[in-house]
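Labels for the chains are A, B, C, D, E, F, G and H, by order of writing; each one numbers its residues from 1.
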Amino acid sequence: MKIRINGKEENLDRPKNLADLIRAKGLVPEHVVVEYNLKIILAGEWAGVALKENDSIEIISFVGGG
Amino acid sequence: MKIRINGKEENLDRPKNLADLIRAKGLVPEHVVVEYNLKIILAGEWAGVALKENDSIEIISFVGGG
Amino acid sequence: MKIRINGKEENLDRPKNLADLIRAKGLVPEHVVVEYNLKIILAGEWAGVALKENDSIEIISFVGGG
Amino acid sequence: MKIRINGKEENLDRPKNLADLIRAKGLVPEHVVVEYNLKIILAGEWAGVALKENDSIEIISFVGGG
Amino acid sequence: MSDDILDIGGRTVANRLFIGTGKFSNYAVMNQALIEAGAEIVTVAVRRVDSASKTENILGYIPKQCFVMPNTSGARNAEEAVRIARLARAGGAGDWVKIEVIQDNKYLLPDNIETLKATEMLAKEGFKVFPYMGPDLSIARRMVDAGAAAVMPLGSPIGSNRGVKTRELIEILVKEIKIPVIVDAGLGRPSDACDCMELGCAAVLVNTAIAIAEDPAGMARAFSEAVKAGRRAYLSGIPATSPCASASSPLTGFLINSA
Amino acid sequence: MSDDILDIGGRTVANRLFIGTGKFSNYAVMNQALIEAGAEIVTVAVRRVDSASKTENILGYIPKQCFVMPNTSGARNAEEAVRIARLARAGGAGDWVKIEVIQDNKYLLPDNIETLKATEMLAKEGFKVFPYMGPDLSIARRMVDAGAAAVMPLGSPIGSNRGVKTRELIEILVKEIKIPVIVDAGLGRPSDACDCMELGCAAVLVNTAIAIAEDPAGMARAFSEAVKAGRRAYLSGIPATSPCASASSPLTGFLINSA
Amino acid sequence: MSDDILDIGGRTVANRLFIGTGKFSNYAVMNQALIEAGAEIVTVAVRRVDSASKTENILGYIPKQCFVMPNTSGARNAEEAVRIARLARAGGAGDWVKIEVIQDNKYLLPDNIETLKATEMLAKEGFKVFPYMGPDLSIARRMVDAGAAAVMPLGSPIGSNRGVKTRELIEILVKEIKIPVIVDAGLGRPSDACDCMELGCAAVLVNTAIAIAEDPAGMARAFSEAVKAGRRAYLSGIPATSPCASASSPLTGFLINSA
Amino acid sequence: MSDDILDIGGRTVANRLFIGTGKFSNYAVMNQALIEAGAEIVTVAVRRVDSASKTENILGYIPKQCFVMPNTSGARNAEEAVRIARLARAGGAGDWVKIEVIQDNKYLLPDNIETLKATEMLAKEGFKVFPYMGPDLSIARRMVDAGAAAVMPLGSPIGSNRGVKTRELIEILVKEIKIPVIVDAGLGRPSDACDCMELGCAAVLVNTAIAIAEDPAGMARAFSEAVKAGRRAYLSGIPATSPCASASSPLTGFLINSA
């Protein structure tokens, strides 16, 4: 299953939904925000969003900035 | 006949067309530009534009400016 | 007896010495400094300096300044 | 014969006077000024000034400057 | 001045030095600087997670008393800015957002038209919008109409430390614009920040000059003091200048006609 | 910075804002301003007593923790300055003296040559001499040789509030002169004072801008904070300026190649 | 430099001083000033005829060698600017037009957004468009895209004679914008104009400083010379500045080790 | 302005740009620059002949119409300056001399006290003395008393091209000193020279900025034009500045209440 994550194409089989994905990437759920096909999905709803071919996902967090 | 000239209402009877009007006002045709109901009319065509009630006319010229 | 005080000539008879003078002028001794004929005289010695014709005396104090 | 020229000691035998010296150094007389033992000597008088041990001579000219 | 509180974006703010969190050598240094300055408003940026490097969470290093304003840096147009603002809010950042829309990579000058568009869109969504902008009066007036919480004109290019090179235009904004004017970008030394406050700006935002100082915590505190000084001077009525001198000591003839 | 003490004229001074006492509307207002600024060094002038008006004694309004430095204002040459300095010391003012020798009544610019002479004479008599002077390197070097405790170059004409118009020359003095450089005269706003301290000046002396402010106490405190800020910035290592921008938020492509 | 010709708006121009015709005490004085400056490009405004006063025609006083560029002053939005431009062209003014769209009566600052719109519209109609604008890089880039013949950023408010207070931003425009940059408004002295040309501006437009000088013809010529000087300096390669001194006379020891 | 002649040092001078001859890449280049500028007054230095290199005579490259003023560069005190002045006069240089007495090798700042001494001595010997000096009013007054032909205050350190950093002090000199004020040193661009002339200076002396330009002849001419422009502006009555705008086009309501 090809999925676009943060602008790069990745080939993923294991993760079935957004919660799986965040876990697989070793990210702390409280520190990231997820945009799924241009729609923001809150952490509580990640488990209910199943991944599918050609999804586009942005995972972002806060960094230093002026 | 009420006509709006340069933003002021005037009551005119004599001038029948734009050429008359400019002459009546004592203006030098080469020094002014006439906008008749938002349309620019060149001097050569003034005589052909008959004035009528509620016309709006702008008569402008060049002045000093930066 | 003519004495020059702070640049102005004054005609004094009563005061016999510097201490008298300061008292007569109603000045607080601790607040002023006295220069007697270009020599600074400390307050403790005022009583011992007798005034005489043509003496030149400066009585100064501190004021606001930058 | 030891002579100080422009701050450097030189050992000269040949030149007998200032005119000789300037000639020996290959300098154009009109382009230089000579100070002999702190006294300025004009070109016309160079031939009359005999060099002697321990003389101090400055030979200067104009250069670019602001 | 103890009750000189800035009422802005639905909040009250006592410390008029806003601090950006970029470019610090590490988060511990940043934390110290924020504490030393007594910062109340700090900005952060939003970026894609780089899963390779498990970097720490910056929010954990921002003191509790600080309120975080995300910026939209990285946006090249209004739509991107809006998208970033929403992501930031979803990330728990509250409803303030500093709009940054930049296409110019050399001077990092803002795009006033796209910034205005983003301001209009986000203000309608209930954000408190702080547009970083070129110091332009006609745009600033439209920002007010669009519902901006403040305008943030630049002093000089971001990170240049060149100071308030747009002073003339900022002074006009302060006089004509009724919402807070916050000078952002380019302030290189505390005296620059002090100068802005003396002019009547509501606040300043500083990042680079603090972050890359030899001693960021010291510099943060210096900026904080300078902002207080400038604000206090503004409130105390700054005297006019005069072309000639005016004696501070009495000029009356000391010793002039004496012996 | 708590141990950043200025060692000057045989004393240690923590507050690098020196304050002049002229031009205040009254002594009570002056007193408040000195307290509010936490002043340690204040200047006074010396004048003939006007026996007609029994004016109060200014010294009674100067807070106890302040050290008083009389100036020689009114002197038109070195001899008069020396005479005034001696009178002031006899009046109990201690051994500091600020030399002011001025013939010019329009711009109140100091006479560097007479000031130098007075400095030489008074230093020999054991005074700690603080010459107010035009910002001239060759004169400043001679002041050092003459035993001055500091040099006090002017920023702009006394009382003009025009700021540091001689910045270029003062910067050179700071770099080349090994005794404290104290900018005196013309500082009109706290940002001016802050700027001087950032340059590396040891202290500043302010009078008019405080005394004639609408709120002198507030302005005194503002200057005091600005001086601290500038000093702290100097100690914290002020970063260089750059002609271009330098991003404070990461520039790496947020959303750039995204959907 | 005799062949240093400015190719602009479909014309070639040798004299880079553009002159505005407002505010002269009378047309004869204006005429003299234009002649004295050797002006090639002059601006005029367009106004309703006041039939009460039979005023003379300004065009009769503009020397034959001058090319006239009308401005759209009085316009408060793009539509009005377009209307004025068309009237001016119908009046025989050629196809150049300087866009002025202003709502602000105090500082007369341009409205960049409406100015941009007017530029787009008029460029499409075949005008050579010279937008007077706030010095903003992102707007200037759009002006280029819109087909402007040049950009005319302001130096300081119209008629203020305050000089180039936006120097930092204008310098950036000159570096980044590929069409001519012409500084317009606020130039108060020939040295201001010279400075702009040294920066690399293509031309300057001056009106008030000439028109209200004691001797307008003299001042017009002075500006003309200064513009030439600045342009020539730009072409001659202006040396960099250095923080220290560099001797112009040889430093090698004259008399140093002499008797 | 054709009869605006500077009467100075017993001569009449039309071109108020004085040019220094140091640092040119070669004498031919210098010659071209002097011709291009139409120079009338040029400075030279005096140095020990280096007999190893038979260098050409600089005087042969100075156009006939120029009058040569030697300087005393290299002198570290008044006595050396006097000695150099006498040597120069013996070398046929006429009776003008620019005094330069410098001990400071980093900033090349003049020693005002030794310069004053040299001025007094040389004026008594019949020289026309032009002292290069720090911009100090009290010293300048003494220069007048000493019989100086002019005063030459510095704009910024020699060769730094930093411009007129002492503007405030020079403006005061121009107002207060009755002999010509000639700004010398540091002028980096024609606009700097123009600015000095607008202030009312009698002339300027430029060397480095011309000599090290890419095209020295072009730059020389640019400076010459700028000096003329500044002088002409001064004579034409420069208008005051104003804080607000003042319309150059009529503000009366064009189209405002029209259909």
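Just so it is clear, contacts are C-beta pairs under 8 Å (C-beta built on N, C-alpha and C of every residue); 3 or more make two chains touch, one makes a residue touch a chain.
Treat the numbers as computed from the prediction; the structure is a model and nothing was measured.
K.L.:
Figure out the least number of contact steps between subunit C and subunit D, where 1 means they touch directly.
P.N.:
Contact-graph shortest path, subunit C to subunit D, evaluates to 3.
K.L.:
Hey, which pair has more contacts between C-betas, D-G or B-G?
P.N.:
Result of the comparison of D-G and B-G: B-G.
K.L.:
What whole-number Å value describes the gap between the mean CA coordinates of subunit B and subunit E?
P.N.:
Going by mean C-alpha positions, subunit B sits 55 Å from subunit E.
K.L.:
At what distance in angstrom does the C-alpha mean of subunit H lie from that of subunit E?
P.N.:
Taking the mean C-alpha position of each chain, the two centres sit 44 Å apart.
K.L.:
Centre to centre, by mean C-alpha position, how many angstrom separate subunit A and subunit B?
P.N.:
70
K.L.:
Send over the residues of subunit H in touch with two or more other chains.
P.N.:
Within subunit H, residues 20, 22-23, 45-48, 71, 73, 83, 106-107, 109, 157-159, 162, 207-208, 248-250, 253, 255-256 contact more than one other chain.
K.L.:
Touching at least two other chains at once: which residues of subunit C meet that condition?
P.N.:
Subunit C, residues with two or more chain partners: 6-7, 38, 58, 63-66.
K.L.:
Which chain pairs here would you call touching?
P.N.:
Every touching chain pair, ordered by label, is A-E, A-F, B-G, B-H, C-E, C-F, D-G, D-H, E-F, E-G, F-H, G-H.
K.L.:
With touch defined as at the start, can you tell me which subunit G residues reach subunit E in the complex?
P.N.:
103-104, 106-107, 109-114, 116, 134, 136-139, 141-142, 156-157, 162, 165-169, 172, 176
K.L.:
Going by the contact rule at the top, pick out the subunit C residues touching subunit F in the complex.
P.N.:
Residue list for subunit C touching subunit F: 6-7, 25-28, 30-33, 35, 38, 40, 42, 58-66.
K.L.:
What residues on subunit B touch subunit H, complex-wise?
P.N.:
Touch residues, subunit B against subunit H: 4, 6-7, 37-38, 56, 58, 63-66.
K.L.:
Along subunit F, where are the residues that touch subunit A in the complex?
P.N.:
Result: residues 248-250, 253-259 of subunit F touch subunit A.
K.L.:
Spell out the part of subunit F that touches subunit E in their complex, as residue ranges.
P.N.:
Where subunit F meets subunit E, its residues are 1, 20, 22-23, 45-48, 71, 73-76, 80, 83-84, 100, 105-109, 157-163, 188-192, 194-195, 198, 207-209, 211-219, 221-226, 228-230, 232-233, 235-256.
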